[in-house]
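Chain nomenclature is as follows: A, B, C and D, assigned in order of appearance, with residue numbering initiated at 1 for each chain independently.
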Amino acid sequence: MQPETQAARLAHHFPDLRTQENAARLGMWLFLATEVLLFTALFTAYSVYRYLFVHAFDEASRLMHTGLGAANTLVLLTSSLTAALAVYYARRGQARRSAVLLAATLAFAATFMVIKAFEYGHHFHEGQLPGRFYTYPELQLPGASMFFTLYFLMTGVHGLHVLIGMGVLAFLMVRTLRGGYSTAYSTPVELGVLYWHLVDLIWIFLFPLLYLI
Amino acid sequence: MSPSPASEAVYNRPNYLTADRGVRSWLTTRDHKRIGVMFLVLTAAALALGGFFALLIRIELLTPGPTIMDAMTYNRMFTLHGVVMIFLFMIPAIPGIFGNFFLPLMIGAQDVAFPRINLATVYLYLLGAAIAVYGMVHGGADTGWTFYTPYSTTTTTKVAPILLGAFVLGLGSILTGINFIVTTHTLRAPGLTWHRLPLFVWAIYATSVIQVLATPVLGMTLLLVTVENVFGFGIFDPARGGDPILFQHLFWFYSHPAVYIMVLPAMAVVSEVIQTFARKNMFGYKAVAYSSLGIAFVGFFVWGHHLFTSGQSAFDSGVFGVLSMFVGLFTAVKVFNWTATLYKGAIQVSAPFVYIVGFLFYLVFGGMTGIALATVSLDVHWQDTYFVVAHFHFVMAAGTVMAFLAALHYWWPKMFGKTYAERPALVGGFLVIFGFAATFVPQFLLGNMGMPRRYYSYPERFWPLNVASTAGASLVAIGFLIVLVNLVVSLAWGRVAGPNPWGSKGYEWNTPSPPDKENFPGTPVFTHGPHEYQEPVPAAAEVTHAA
Amino acid sequence: MNELLRQLLFLPEQGTAYARSVDQLHYFIVLTTMIGAAAVFTTLVAFVIVYRRRHAAQTTPHVEPKPIHEVLFVGVPLVLFLTWFAIGFPQYVELQTPPKDAMDVYVQGKKWMWKFAYPGGPNSTDVLRVPAGRPVRLLMTSRDVIHSFYVPAFRLKQDVVPGRYTQTWFRATAPGRHQLFCAEFCGTGHSAMLGEVVVMPAAEFDAWLADQRRGVVAAQDSAPVPSEDIDVRTSLVEQGRRLAAEYGCFKCHTVDGTQHIGPSWLDLYERRERLDGGKTVVADEGYLTRSIMDPRADVVAGFQPVMPTFQGRIPAPEVAAIVEFMKSLRTDVVRAPPSQGPVYVPVPSK
Amino acid sequence: MAEGSHARAEHGADHGPGRYVVVWVVLVVFTALTYSAWRLNLPEPWHVLVALAIAVVKAGLVALFFMELWDHKGATRLVFASSLVFVALLIGLVVADSATRFPLANPPHEGTLQREPPLGAVPLPLPAMAPGAR
């Protein structure tokens, strides 16, 4: 499939392609801002309960497998690198290279989810679960179950974003392979990857909050 | 300003309503004007539904004891009244209808930045409404629209569908906001600098900022309540160390700015209508423009004034108390500038202008009672009484509805190309204005007496004022009926309006009525700000596409 | 003047000095806003008349404000609003700060009634009796959902939240009866969750309270308390004793001063305890409640952190009862003849 | 990078792919750093501050270089920055409320500064551990 011409890409109500691209980017950033605020509600709940149950949160975070958490951090950071490079090559019209990098990003994302699943399995097994499901006998402090409520909510919502991001990346990869993007038009790759970076950004904060402090 | 044969001809040529035909062309349209019209139909239906619930509530309160329903039904009624009016009418109405229709016209754009997303907001609205209506039919929530925990997490009624419905509606609201912000940033026609933007655009822009930044917090909060309600994770559950007051913080972090989502678009309308009917430029354009942004910004800093009696710390109450005073300030600036705009004007008292005077009445008194409520010690007496109910109905219900009706009458000729009959419009307007006053002034007094809100039955000393309030509500209902009939009748039998029946110099009047599908034949170029009336207004038929 | 305005505004009677001062602010605000709003509206109407449109093609001059206009538009309301805040906020702080000599009454809201527990044991439902002229602090909690304690005549409202205590206080000026409402929506019985505050002359109140205490003790002596649920008629202290036994507190804590696995409860209340970390703490209600909920936070020096948490296992009102029982365990009281109720000890407010 | 900061509004990206790799290496180093800081068990409150400071630096790097805020001026930066203002606002004022409330109006909890004594505290002769209540 031939790269489509600029004129076909330009919607009727935009004066030129550059304005259209700026508009799309600004819209994406606004959307990312809403995502940040979405997580802020959870971060607020975390801050309040950590303030109140400082000791229980300290003890409960020791039940986390920090090694796995750190590994997942590295996985996501690396996936961000491959995603950023995918945009770099997409802009230069190197579609194959870009698609391979997107595939690598997808692979890292899947790795992240697998590691996360192992962690979840461990917590399920030990009864380290939210609210009324919390049955872990070794740590019976007020607030311990709250830590796991927050842990599952925060990582759960984040995991959902990872899954959505994987869907977006897969779509972009297929479109790239089919020659949908070119030097002149690579905005969708850029925007989809922006979303992926946000997923990484959120994790950069979740990691210390849940595993380190 | 009588329509000439020329404007008849303009009316009969293809426009955005007639260019494409068939239901399909509406359901798949990406035309911002058609989307605005669809929102008009949808939100008007929501207004009727919410108004119906309101009437049932008022009839129930006609006597101190049970009147027409039991306590559980009553609780569901006021919950549904709140949910429908807020999420289905007030938040989407003015931005959804008039924002969609006129924001691109005012900035000389062909459409909003993301037309497909714009269409998606219509379907999100329908989906959210469908989920909420499903919840209403299958039990309906009894929590009040505020969903306070732990009541909302322990109630046996079906609260989850209503929460999810509100979540979906919130998503639509976010997308509308993103669309308007991007449109204003990127699609302004050449020559249209920020300080030449119509004040309507400024206020809608400010509204959008709030929608984008506040709504996600509500979304997550509603999800947390749903999770708590269904699974019992304990995040707000006191028995597990959870804090119900945390819910209130998160809820009001959205819901206080949300009242500005409802009022700022009303203020947007006021600025336009006042300038047109006073035929004068805005006194203090910049003050009015930036006070919109000021309201949007400071509106985020005051949510804690809903928590003065909840157990919030005195420190936080002090901080929120003093910050609340600054929000009132921006509103005061607007009111003073609007009034000063009339100075040396050429004022024509038509139906839209009458509604705006009604709006100013409700805004000034509602706003003043708001500042009184924010005065910390007075709030302790008034919190959760009918005083609060009357206050926010003055500003949000009466005020926003006044602006909504003003906008409807002001832009009706532009949207549909027909003028309505003036006299019924005035009669309906006066009935609605006086009806609202008769409904809610007694409620202020009930609040002073100490009658708490959401009371199904009440001691007999509150009886006479409740009767007065119900009587007022029936006036409002009759007024609405007259307005509705008058407007619908005008569609069929109204006079052809011509492009500019009011002789306005707002940019949107530089198009035919109804506008073409493509808005403008080319790209308009702007050379001056809107509403400059030093030159005579061109006769209606002579208005061309030149801007 | 006060009376006239109060009637005009439909305000209820002023049962406290605080209510009177709040009303003064109310009048000030209402008068200034009415004058301000009337001024704005008169101007508006005057403009509409003076500057009505005279012919269809009329033009108008371009008018721009001078900076001074906008400064006035901002400055005048700001000064006014901040004045209101400056008057109102200290009043609120006063309401949040109970005096040290206040009498404590425990309030419990539940669907859909109010329960009151007085010092020394007496209880009542839906009727709160207080002495005129003396400060009363209410320590309030809820058993189920959020309620709100609202006495319009005192201009007083405080939410009652489950799982924790909120406080408020008042000093009723004169004997009388005032209506009590629940102001936070709590279900189908919300509007029936009414009560009454009965203000009695101080001497009469003392007599009533003493009488009640005797009645409580007599009831305890004559009939053993049924053990299934908390009975309103039982004294809070007796409830506490029974609950402490039920929850097994006495396995580790004695009431006779002997040290066991945990500190003895005798004379524990108000005692200055040295903690493990070297800090000291006064064993007030806050500390005692916290220690039940989270025993390992502040362990008294010399004891092992072995006590399990009771978070989520004991409802807040029962904790209150147990704490009240601990408070009653004083050397002088325990040895007193059974016909006398425990002596009331004022709570130091924070 | 310095000249790139004001030369282009366009994503012309005169830098090579090396820039992304360098940023990635720095991010990995910071991750290792925060992990070793955790292993060190820094005293309160330093372990919190260090972990959060490193997170902020890492997030900044991702936002500036991976997400290209370094190159994009104007509205996009403003959008992101203003969202952070509201993040701080919400968290700050809500935590301030918990910290300054009437103490009993918080759920029963340990005071923030009174942490459990270190495990090396001198045990006193006590009877054998009794089972918990009941």
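Worth pointing out:
Here is the rule we use: a residue touches a chain if its C-beta (ideal position, glycine included) is under 8 Å from a C-beta of that chain, and two chains touch if they have at least 3 such contacts.
Note that the structure is predicted; figures quoted are calculated from it, not measured.
The pair of chains sharing the greatest count of C-beta contacts is B-C. Using mean Cα coordinates as chain centres, the one most removed from chain A is C.
Chain A and chain D have CA centres that are 17 Å apart. Note: centroid distance chain B to chain D, computed from Cα atoms, is 39 Å. Measuring from the averaged C-alpha position of chain A to that of chain C gives a distance of 46 Å. Among the residues of chain A, those in touch with two or more other chains are 26, 30, 33, 37, 40-41, 44, 48, 52-53, 55, 142-143. Taken residue by residue, chain C touches two or more other chains at 96, 161, 163-164, 166, 293-294, 296-297, 308, 311-312, whereas all remaining positions touch fewer.
In chain B, the residues that touch at least two other chains are 185, 213, 217, 238, 240-243, 245-246, 249-250, 311, 314.
Taken together, the touching pairs cover every possible pairing of the chains.
Put simply, chain B touches chain D in their complex at residues 185, 213, 217, 238, 241-243, 245-246, 249-250, 253, 300-301, 304, 311-316, 319-320.
Interface of chain D with chain C (complex): residues 102-111, 114-117, 121, 123-124, 126-127, 129-134. Those residues of chain C that touch chain B in the complex are listed here as 9-12, 22, 25-26, 29-30, 33, 36-37, 40-41, 43-44, 47-48, 51-54, 56-65, 69-70, 73-74, 77-78, 81-82, 84-85, 87-89, 91-93, 95-96, 144-146, 148, 150, 152-153, 155-159, 161-164, 166, 179, 181-192, 194, 311-312, 315-316. Note for the complex: chain B touches chain C at residues 1, 70-72, 75, 142-144, 148, 150-151, 154-155, 238-242, 244-245, 278-281, 283-284, 287, 308-311, 314, 317-318, 321-322, 325-326, 328-329, 332-333, 335-337, 339-340, 342-349, 357, 360-361, 364-365, 368-369, 371-372, 374-378, 380-381, 383-385, 445-446, 448-450, 452-459, 465, 503, 532-537.
Of all residues in chain A, those touching chain B in their complex are 11-15, 19, 22-23, 26-27, 30-31, 33-35, 37-42, 44-45, 48-49, 52-53, 130-132, 142-143, 145-146, 149-150, 152-153, 157.
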